[in-house]
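Labels A, B, C, D, E and F are assigned to the chains in the order they are written; within every chain, residues are numbered from 1.
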Amino acid sequence: MRKSGRQNDEIREVKITRNYLKHPQGSVLIEMGETKVICTATLEEKVPPFLRNSGKGWLTAEYAMLPMATQERNKRESAQGRIGGRTHEIQRLIGRSLRAVTDLESFGEKTVYIDCDVIQADGGTRTASITGSFVALVDLFRKMMEEGKCATMPVQDYVSAVSVGILEDQLLLDLEYAEDSQAEVDMNVVMTGMGKFIEVQGTAEKVPFSQERLLAMIELAGQGIRKLTEIQKQTLGGNL
Amino acid sequence: MRKSGRQNDEIREVKITRNYLKHPQGSVLIEMGETKVICTATLEEKVPPFLRNSGKGWLTAEYAMLPMATQERNKRESAQGRIGGRTHEIQRLIGRSLRAVTDLESFGEKTVYIDCDVIQADGGTRTASITGSFVALVDLFRKMMEEGKCATMPVQDYVSAVSVGILEDQLLLDLEYAEDSQAEVDMNVVMTGMGKFIEVQGTAEKVPFSQERLLAMIELAGQGIRKLTEIQKQTLGGNL
Amino acid sequence: MRKSGRQNDEIREVKITRNYLKHPQGSVLIEMGETKVICTATLEEKVPPFLRNSGKGWLTAEYAMLPMATQERNKRESAQGRIGGRTHEIQRLIGRSLRAVTDLESFGEKTVYIDCDVIQADGGTRTASITGSFVALVDLFRKMMEEGKCATMPVQDYVSAVSVGILEDQLLLDLEYAEDSQAEVDMNVVMTGMGKFIEVQGTAEKVPFSQERLLAMIELAGQGIRKLTEIQKQTLGGNL
Amino acid sequence: MRKSGRQNDEIREVKITRNYLKHPQGSVLIEMGETKVICTATLEEKVPPFLRNSGKGWLTAEYAMLPMATQERNKRESAQGRIGGRTHEIQRLIGRSLRAVTDLESFGEKTVYIDCDVIQADGGTRTASITGSFVALVDLFRKMMEEGKCATMPVQDYVSAVSVGILEDQLLLDLEYAEDSQAEVDMNVVMTGMGKFIEVQGTAEKVPFSQERLLAMIELAGQGIRKLTEIQKQTLGGNL
Amino acid sequence: MRKSGRQNDEIREVKITRNYLKHPQGSVLIEMGETKVICTATLEEKVPPFLRNSGKGWLTAEYAMLPMATQERNKRESAQGRIGGRTHEIQRLIGRSLRAVTDLESFGEKTVYIDCDVIQADGGTRTASITGSFVALVDLFRKMMEEGKCATMPVQDYVSAVSVGILEDQLLLDLEYAEDSQAEVDMNVVMTGMGKFIEVQGTAEKVPFSQERLLAMIELAGQGIRKLTEIQKQTLGGNL
Amino acid sequence: MRKSGRQNDEIREVKITRNYLKHPQGSVLIEMGETKVICTATLEEKVPPFLRNSGKGWLTAEYAMLPMATQERNKRESAQGRIGGRTHEIQRLIGRSLRAVTDLESFGEKTVYIDCDVIQADGGTRTASITGSFVALVDLFRKMMEEGKCATMPVQDYVSAVSVGILEDQLLLDLEYAEDSQAEVDMNVVMTGMGKFIEVQGTAEKVPFSQERLLAMIELAGQGIRKLTEIQKQTLGGNL
């Protein structure tokens, strides 16, 4: 059994608080165990240059951590004058994942901003960001539908994400930091509610892994995704 | 009476939650009405170059806002590659205010980092940051004393801050955003629990003001400070 | 008596040279004792984005120091790739102070640039910058009126600034560097010729100060302002 | 059949020129069809701060494109003053992939720099970079062994990378730009010569994909990797 | 005789490969001994702001080195976040040199981008960049004439560049790195095919030089330029 | 005759004010006609990394313009976050020119900072900077000798600089802005008091120039240098 008392195939306790902030149209606090991320979705009435006069909209994501979200204080990227590689990688992943299920032609030349700010980090901040942002995004789209800004719901399927890994030769679902930092293999999987894959990113942190292990990790991730989809459905009160 | 139902000389409801985050030694969520700021205090075992081999410690502060803390999304300073003037001004103010009551020689060559991250903004974020950070700072110092890292409590007096302003010729205490953005005069006052001044910053936003008005604003600020000191005392369980 | 031979309530010798540079419409060299600042005012025929199509003009200020203005060479901010917090703070103060007396609607969608470049620093560079810039600004506006670019003089009152402080328990007016760097309390006051306040910024550098002291400093600043207004009037040859 | 005349499961013609440059210890020009990348490996006699006094070495990678490597001129990142997200992502991937097979403890506190500069881009620049860099890395390590800088060869297995994708419902191996830019799913796979996985990154560019498709892509990638390993072996003249 | 076996007044072997890259309209690999530079010329359908609505075109140049072009790895300017002084100086020189013979009014409001990327450096990279870029530029203009984008050839004379220097009191033509780094005087000369000067930049690296020496260097440079012009003519197949 | 009333071979009136600033060891205001530059020389007790433990000193220069030194306001490079190519070019030229006559081994591991700040620009700011900085540098070295920081005067010859150019087919010495901006050819020459060349930079701004013209310009520059050396000698009171 894991240090946290969880089974190897058990995700952490998930709590999603909707309408967490006053200003954004969609805002969520997602807690996966000790990992806490504020995810917001807001609309801007213009698109990036490459989409001007295309009739299409866009969705983009930004991700950051509070300096004290981590055990050791991490330096503020604003103070350093540039965004690091890890941040770039994560915010690109969040954006791609949500765009993959969003009909960007359904709401005109507008941009959806997804902001994920990690308040407290204990592993799995990128996957929690995706799972939480999806809920904020649906809340935004619901408001847009109410206001007549889009005729149909631009997302047709759920999206959530979870990590799996191999630690001391054991397959683990939803790694917390103490596990993640020791894992031999680390994989993040983004899937839809229908069980389709949006993104699979597996990395041998120390030892290359076999195809058999790869398949087992994918299976295990699928279990986590089904659980997360269930929680998203309950949070959102049923249908999209 | 004000739109919020408050009297002109009444501060907003204040709520300070200690130990808000898992990792930092001192961490607080301060809510002043709809304004919400996470304030943390942490220790780093080194000092900036100008203090090396001085035997003295240092205290510095950083301040930021979530992009969706405000009504209109404000751009992330990390994405812009630089910190704006307003941020610089605020974090320098927070640092100065707390250094003014801290005995920097009492804990050796170490640096205290104060991080203030505004989760939601409704006016008065800089003053709430100071009031909240003070509590986080005391929590840090208490832990340092427990761990034998300092022999005596490095702060000897409380510090809190409040805004006052003139709006439609009325003196108002603790302005929320709707008031602040319309005010003719805006003043931020940082004071100790003993009623001494640390910082007074008054600005005529539209119309220069008379000395009589200046004195009246200072008086009114003092009222707010006394209330805030009381709340800090209760939160911290009595003596420093 | 002070090291410089001045009385505690005596400002340094002030010299304002108008039309100091060839190119800008308004340009001044202000000398307050050993502190020397070149202040210029120029017009640009456009406004920042937030004012486009508003019919209103804008005024903004920039401040810098020569590397060798100070005793120790200060690094050029251009070489460091960013403007420091102190510079931001000062140039925002200069801009706010002059905007407070300028009718921004009287000259259309144009921007006034105030540039303050410190040639030599001996304390009080920000206050000298304000006092000198006001004169350069009036010269610019006079030219604009001559050229028919504005129908009325956009400023209706004088603006000047002075520092006061407490050093070894003595109240001092217009601190030079040797005093400023040792002062327990440092206050900058910006006032109009009519004796109204535009900005009051008082900071306890070492020890919090009492209300009585605050009031005494404000009084003393007023004396300095009256003297400075007088000098501005003479320099400008009477009426605005 | 594909536009290029290739079968769906056929990689492009690969040409690896060793000792391409005069100065670096290892340097390779890899050509995969029209994609051309210069990969170099060099040694620096120090490590990043986090490894000082650890006795361990490090390996890091940088990646860039010539402005005219692509059809439309891409702006130089040096002129823009920052590295974009895509570049960050790729250079992190290259570094991780090579570290996964390198014994960082075998050559002391030194850093291996891998530089990948794309001279001409026609899809698959990141995978070509990995495949080519591995050869340059072996050349560097061979020189280090000759010079007595390491006792044993620090890599024990080959590393290469290839892309697979789904385009018009067809599985394709080693996509060129015209295919890649239209693909529904895009996957990059990094594997060892022994057939183990180092990195799997699959992305639904337009439509989420099924597990069956995922497995088929992984199989197809494996075919490409076997071919690339064979070419690396021939290029390197047999054993590692 | 020089270490390389060359006579003092002998340039290195020059090889210019046209159409070196697939995408740009003009692209050349120029090799002068061990120095190798990729030079490209491409057209962008807009001009910088200062030329909008002028009817005139522009030509600008950028220059960079691969990190491993030099003996010691030089840091990537993109990673450092800014372009160094040497790079600025060189790319300005390349742009000026080519603009001096280009009729910018002959092809409308378009910008020619010259990109010079040094693959391998052994002295004389800036002069090789100019000599090679000229060939790429002619290739671009020929394509533009074929496509009817300009009625006449915008360049009317050849441009090439060469270095001369004084080393151990000897005049040397076309210095390689080992000579250049030891030279007492270093001069770069840009000339037209007709023998006119575009740019002369001579620098006393260690000892100021006499007018007699200056004239001798200018003469020697002229010899090199005549040889380079000859090679350009052959490469371009005769007339411009 | 020129618009200014000068002969073609006549330099502008030169005025060099020594000890212009209070803090730096050497400081000069140089005025060449309407061009005014503050030049300072100061000593820092350390050297850049590449000279540590070499026993040698260094000399480096920085150059900047006040925003309103020019007719059109030029943007502050600190506000833009980077130094432009022109600034880089000029400050490298100033540094090289002064290093060429300075014995860097005569004053130990120290760095001389030359700062040139253009107060008012009317052409020839880089040449005025060199001529003025030389005087400031001698003043610094004289103080160092008095303080025993160097045993002998580290400069053994004078250095000054002047521009020449061709305008409407006329050779002109020491161009002012109205001439410079129209010139067909522009040349800057840096020479020693003994008539040796340190730097020659000639540029065809519009039309390539003949060797005959080149020689005539060099002759004319020499005349200007002789005059400037004379002025430096008088200013410095005779011998070095």
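We take it that contacts are C-beta pairs under 8 Å (C-beta built on N, C-alpha and C of every residue); 3 or more make two chains touch, one makes a residue touch a chain.
These numbers come from a predicted model, not from an experiment.
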Contact-graph distance - origin subunit A, target subunit E: 2
Between subunit D and subunit E, two touching copies, which fits better, same or different residues at the interface, with half of the numbers shared as the threshold? same
Which of these pairs, B-C, D-E or A-B, matches A-D in more than half of the residue pairs in contact? B-C
Going by average Cα coordinates, which chain is farthest removed from subunit C? D
Intercentroid distance (Cα basis), subunit E paired with subunit C, Å: 50
Just curious, how far off is subunit F from subunit C if you go by their C-alpha centres, in Å? 33
Taking each chain's centre as the mean position of its Cα atoms, how many Å separate subunit C from subunit D? 59
Rounded to a whole Å, what is the gap between the Cα centroids of subunit E and subunit F? 28
Where subunit A touches two or more other chains at once, the residues are 81-83
Going round the ring from subunit B toward subunit C, what is the chain order? B, C, F, E, D, A
Spell out the part of subunit F that touches subunit C in their complex, as residue ranges. 21-24, 27, 34, 38, 40, 42, 44, 62, 64, 66-71, 73, 76-83, 87, 113, 115, 117, 119-120, 122
Using the touch rule from the top, collect the residues of subunit F that touch subunit E in their complex. 82-86, 88-89, 91-92, 96, 100-101, 157, 187, 191-192, 194-211, 213-215, 218, 222
